[in-house]
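So the structure is just underneath, and the comments pick up after that.
A, B, C and D label the chains in the order they appear, each numbered from 1.
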Amino acid sequence: MPTLSLMPPEFSVLRDENKCIKCLACARQCGFDAQKYDAEDDRLYTIDANCVNCQRCVSICPVGALTIYKNPPPMRPNAYWSEGHLRNIIKQAETGGVLLTGMGNDQPFPSYFDRLLLNASQVTNPSIDPLREPMELRTYLGSRTEPVTLQEGQDEKTRTPLVPLETPIMFSAMSYGSISHEAFESLARAAKEFGTMFNTGEGGLPEDLYQYADHAVVQVASGRFGVHTGYLNAGRIIEIKIGQGAKPGIGGHLPGEKINAAVSATRMIPEGTDALSPAPHHDIYSIEDLKQLVFTLKEATRYQKPVSVKVSAVHNVAAIASGIARAGADIITVDGFRGGTGAAPTMIRDHVGIPIELAIAAVDQRLREEGIRNQVSLVAAGGFRSSADVVKAIALGADAVYIGTAALIALGCHLCQKCYTGKCSWGIATQDPYKTRRLNPEIGAERLYNLLRGWSHEIKEMLGGMGINSIESLRGNRLHLRGVGLNEVELKLLGVKHAGEAI
Amino acid sequence: MLREGDYRIPSGCAISGFINKDGSRIDGSSIIQSIALMQERSNGLGGGFAAYGIYPEYKDYYALHLLFEDKISRNQVEELIKDNFYIEAEDRIPTRHVRAISKAPLLWRYFVTPRVSKIHESQETEENFMTQLVMRINAQVNGAYVVSSGKNMGAFKGVGYPEDIGEFFRLDEYQAYSWIAHGRFPTNTPGWWGGAHPFTLLDWSVVHNGEVSSYGANRRFLEMYDYKITLQTDTEVIAYAVDLLVRRHKLPLELAARVLAAPFWQEIDRLPARERDLYTRLRVVYGSLLLNGPFSIIVGFSGGIMALNDRLKLRPLVAASKGNTLYVASEEAAIREICPEVEEVWYPRGGEPVIGRLEEEAQCRLSA
Amino acid sequence: MNYVLIGNSVAAVNAVAGIREYDREGDITIVSAENYYAYGRPLISYWLEQRVHEKDLPYRPETFFAQNKVRVLLGRRAVRLDPEARQVFLDDGESLPYDRLLLATGGRPLVPPINGLTPENHYTFMTYDDVRRLEKAASPGREAVILGAGPTGLKAMESLVRRGVKVTLVELADRIWAPALDPGAADLVTGFLQDRGVNIYLNDTLEGVRQGDNGRLDLELKSGRRLAADILVVAIGVRPNVELLQDLPGVTINRGVAVGPDLSTGLPGVYAAGDVVAGNPPLLPHAAIQGKIAGRNMAGGRETYKPVLPYNALGILGLHIISIGLSAAGEGYEILREADPAARVYRMLVLQDNRLVGGLLINRIDRAGIYRYLIEEGIEVTSFKDRLLQPDFGLLSLPDNLWQQQLAK
Amino acid sequence: MKKVYARPAYCMNCHLCEVNCIVAHSRSHDVFRAYKRENLRGTGRVIVEEKLPLSVAVQCRHCTDPACVAGCISGAMVKDPATGIVYCQEDKCVGCWTCVASCPFGAIRPGEKNGRPLPLKCDLCREEGEPACVAGCPNRALVFEERRAGA
């Protein structure tokens, strides 16, 4: 590293000395060595260059003495050579490395959620008041056997049970190791309490959290970390992870520093070694290989666990999804280009994949055209920011959605995008015991529960407004969507009319 | 002016129907009287009837009721029919002049039976072959529309108040063991005869009051099963849904009703294990066929009728009985109008089907 | 149940509380030789220097006795006990029957026979009456000699110095407060006092007292030194007031009254607590704890008194000293020590077999109780010995199970 | 009785319990005045001990038989028989610090207020309902609850 950085600090921390009571909470809580205390002089000071704007100090300061400012661009404004490009280039000139980042794509690509509007009932049919009438969000995931036959229990032994969700929102795959035990437990507890699912991600399920396994989607990824028969049978759903929205086409890398004893035991790898997930599964080089793995997992669990296959939303996702359905999967999970990650090369995160809205529309339409939509559940992931996004996704054709980033934000994440450093000040994306304890799973679970509760209630309100009292009547019901500012191709792909067009 | 099929048309309506379970047949004057009483619920933009048991002499033939806007379409359709069917009889549907009715299309009926070779060619069952042909005509032949296609039944519908339509079609001259009727209140004025109720497929006929908010979900589900949705009306998807569930997936009508107006999960959760399993499967597998939003419907079919309300009972539906006759209607007055001394009157709960079937003996007699 | 408590100091008051935990109704009578409601004896030095006023002396508010339904007989002395009849006789002839009796008579100052020493020409430093008498003499500019540089002598010294009296301490041992201060600490404290104008004579004692014509005392020390003084305070120790039980069959007197683990004496229904008990250090915490336990046991409790090691917190002229257990030990013990003479800080821990047996803290006394806990519980400190004198020493310095157990209390 | 229990697994070493304690025990009940006018920094009655990554807030356990009460020479330190709260009647304290030597948790520190001695110890915010340290703990590392002895 050169001693002189060509780049001035991105952020400045301002301390209002009139307010500061020198309780030192900021210095104790800063995860990035930006807040310092000099005991000899009884003086607090900051090293701005270290600040990542995670807002931990600002949040913890009992007197509101701290503000973090984004420094003005260190250059003459240039619409083409943006500050981001400049900083990246200089960083790479200094390090020669691949740019790494965390969380989801933060670039200003269009959001189709923001170009879709919902319908509501007026006069000709009544809206339904969720406070007065039952409003059903229960959603089942899995393959539907049709037609329904009356012979009771006739196919019970071979029938893979469907998995009920009390709300069509699950917690995305975030592996133990990439996130702390505390964060992981928060997700697990909230999922169980609310009656939905969390996803273990690719790092296995810690022994002490098996009590939540009946609400776990247990993932099998290319690294096969923590995968054993007990794990597969404990979970409610098994998910084969092929791809991830934040980094389609590439594998994962959890640095050795995050592999402590507990993570090592759960992942079944030596302590302190890097956990490398290969880009492909080395036993899946074709759709028929996938089918083999699907059925291997089904055999291993006596056909009692629905198998999900998770792919990134890429250009030909509809065809891929069809293949997955025909390979025997019960659930297809599609992760859009806004999906988050603990660590990804910046260029991949920001420039690969397609928006989840288009992917949902394409996959749902394709499966319907092939008449196999009822054979699989479609789960969408990647950048769900609100209950309205969820409603729009379901209207486009998803059965349920995964939320990851939103869940982390509920847990305290401030999107500083430094997950890959393992220094997370909020105790989420770290294994540092000084920081993980900042996330009390009791509180974490409560906050996540509250989020699900709030969103679910909003979904009910929106459904009621549309005159619908059950979520399945929204699924794929694109008539309740209208586009704004979308061109004809976009409207056609999404299968929606433009706002202003009649029903 | 866009018409049915070009976009969705919500409407409010009046419905009425009855069945003589002993199979005795009566003419159409009483159903006209009943539906006429609810004129308030219609606006003169659509009325229609379905009648069962009206063609005993052709009971083994599919009775195709067709409307044509012009001769070109009629020629096209007739070619199609000749290609695929033996035609036992054909004629113009008898009408009489009614002042309120104008701009009637050409109305024809054909009593047909499919050519076996064509069925083989299609690699489908006879009934699927029939439905596909009907949908092909509706979707592909501009200006032609199949009003009904069942056996020993027929639908009669058009633009106007239902009593005028009944008069126009001379329903007083038909004898049927069950009649259903519809007076329409669309919230726009497409003025197309095909858009009136009932909607039919094979021997299913559906009249409907309400607006189904789940239409998009229902429709896209049915499309997976090769139903060509042409009218964009709720009634059409209801008819197809019943056809899928009962004819193709072999569910008893009672259970099909539990799909269209599914019990709430909280009710299902309280059921004994076996029933819970069945009802859970019904909802899970056919969730997309749940008719969400306000509706009351009467479904007519060979040998019976079924009335059903949405599960919140957001639209009116009354049932009554006297002797062997079961009446259902939007309003009690519409029943009392034709049967002043009903023995029993009740208001079916939301989601609870009211089904009337021909007695076994009558069934045998009619199909003999 | 009829309870009679002889004595009205800390032990008796705590006995009342102890009794009332078990028995809300029984009659309680306190016989107090002093004319005051119970007060903390150590407060007398604060009273003398006017940091505490008479109204603040009471150990418990007067309402305490009413609330607990206690009859208090002030200024009455118990003179005879009839264990057979279960009666105690007072100096005015009244007799009180008892079912349970507590002997909490405490002790009195030890005054050795010294030539010329009379009750009139010296002061003791134990009771409120003592300091009320002393107050009259202790005016600024006068000179006082205090015999004995133990905690009592030192507190007397402090209050007299604060009143402007010039004080000389005479101590028989080779250092002040030898049972609590090791030589290093004693030096520090001695230096501190000398800086404040206190004369200190060690290895010396008083041999004779003469009253001069001017009313001043002429004191002759063993070393031959002669001291002139206006005030002589004798503070060399206390003697238990055991007279009531003297010579009664079944009672063992060994300086104090011998008691069983439940604090009962050999006489049926008779208990003892506080300074009167044999082997008990004459310290307030011990009296309080024993009083409470004796009270409970008198009323039906079955509690054992686990002897508490002596500990003392003493402030003298702004210097704070906490001594615990064998705080003055040296030879044969492992000593951990930290001293900062400039700040007059001295911290010393005494270990034996890797267990703390004593501690002495001067001027940096935070968390002292944790050392006392380790000493009392006899906890092995090998694993955290190096942390004992660290500035951030605390509960977390102890092994996990210990601090967890402490915090769960 | 209800006491404050520390849950070290969730103590994140922010020391805000100390700040909240100080404010609650200040004259002004205002954080700025408490620190900047009343100069109360460092006078928390709860002590956050650090052995990083571990930290824990230590405070009075309100013992059944409190050694500090037994040891108090002036009768200032008492245990309220009704509430069980051990607290110091400040105007009676003479500052001998026997309580400091008595407390097996080291939960009493010598302090002063307006030139008078004041033992810094938790009084469970006697008149305030939920103690300020518990109410303000951002991570519920402190709880105010009744636990059965030995539980």
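The rule is short, and it goes like this: contacts are C-beta pairs under 8 Å (C-beta built on N, C-alpha and C of every residue); 3 or more make two chains touch, one makes a residue touch a chain.
As the structure is a prediction and not an experimental result, all values here were calculated from the model.
Is the number of contacting C-beta pairs greater for A-D or for C-D?
Answer to which pair has more contacts is C-D.
Averaging only over C-alpha atoms, locate the centres of subunit A and subunit D and give their separation in whole Å.
So the centre of subunit A lies 43 Å away from the centre of subunit D.
Please compute the C-alpha centroid of subunit C, do the same for subunit D, then give the distance between them in whole Å.
Centre-to-centre distance between subunit C and subunit D: 28 Å.
Where the CA atoms of subunit B average out and where those of subunit C average out, how many Å apart are those spots?
105
Determine the centre-to-centre distance between subunit A and subunit C, using the mean Cα coordinates as centres, and give it in whole Å.
69
If each chain is a node and each touching pair an edge, is that a line, ring, star, complete or other?
The chain contacts form an open line.
Touching residues of subunit A toward subunit D in the complex: what are they?
19, 21-25, 28-29, 60, 62-63, 427, 432-435, 437-440, 442-443
Can you list the residues on subunit B that touch subunit A in the complex?
7-8, 10-12, 187, 210-211, 213-218, 220-221, 223-225, 248-252, 255, 262, 264-266, 274, 277-278, 280-288, 290, 292-294, 311-312, 314
Which bits of subunit C are touching subunit D when the two form their complex?
Per the stated touch rule, the residues are 14, 39-43, 46, 51-52, 56, 58-60, 284-285, 288-289, 292, 311-315, 320, 322, 324, 365-370, 372-373, 376, 392, 394-397, 403-404, 406-409.
Within their complex, state which residues of subunit A touch subunit B.
121, 124-126, 128, 133-134, 136, 138, 140, 144-148, 150, 152-153, 162, 368, 371, 373-374, 395, 466-470, 472-480, 501-503
For the complex, which residues does subunit D have touching subunit A?
It is residues 9-16, 18-20, 31-32, 35-36, 41, 52-53, 136, 138-141 of subunit D that touch subunit A.
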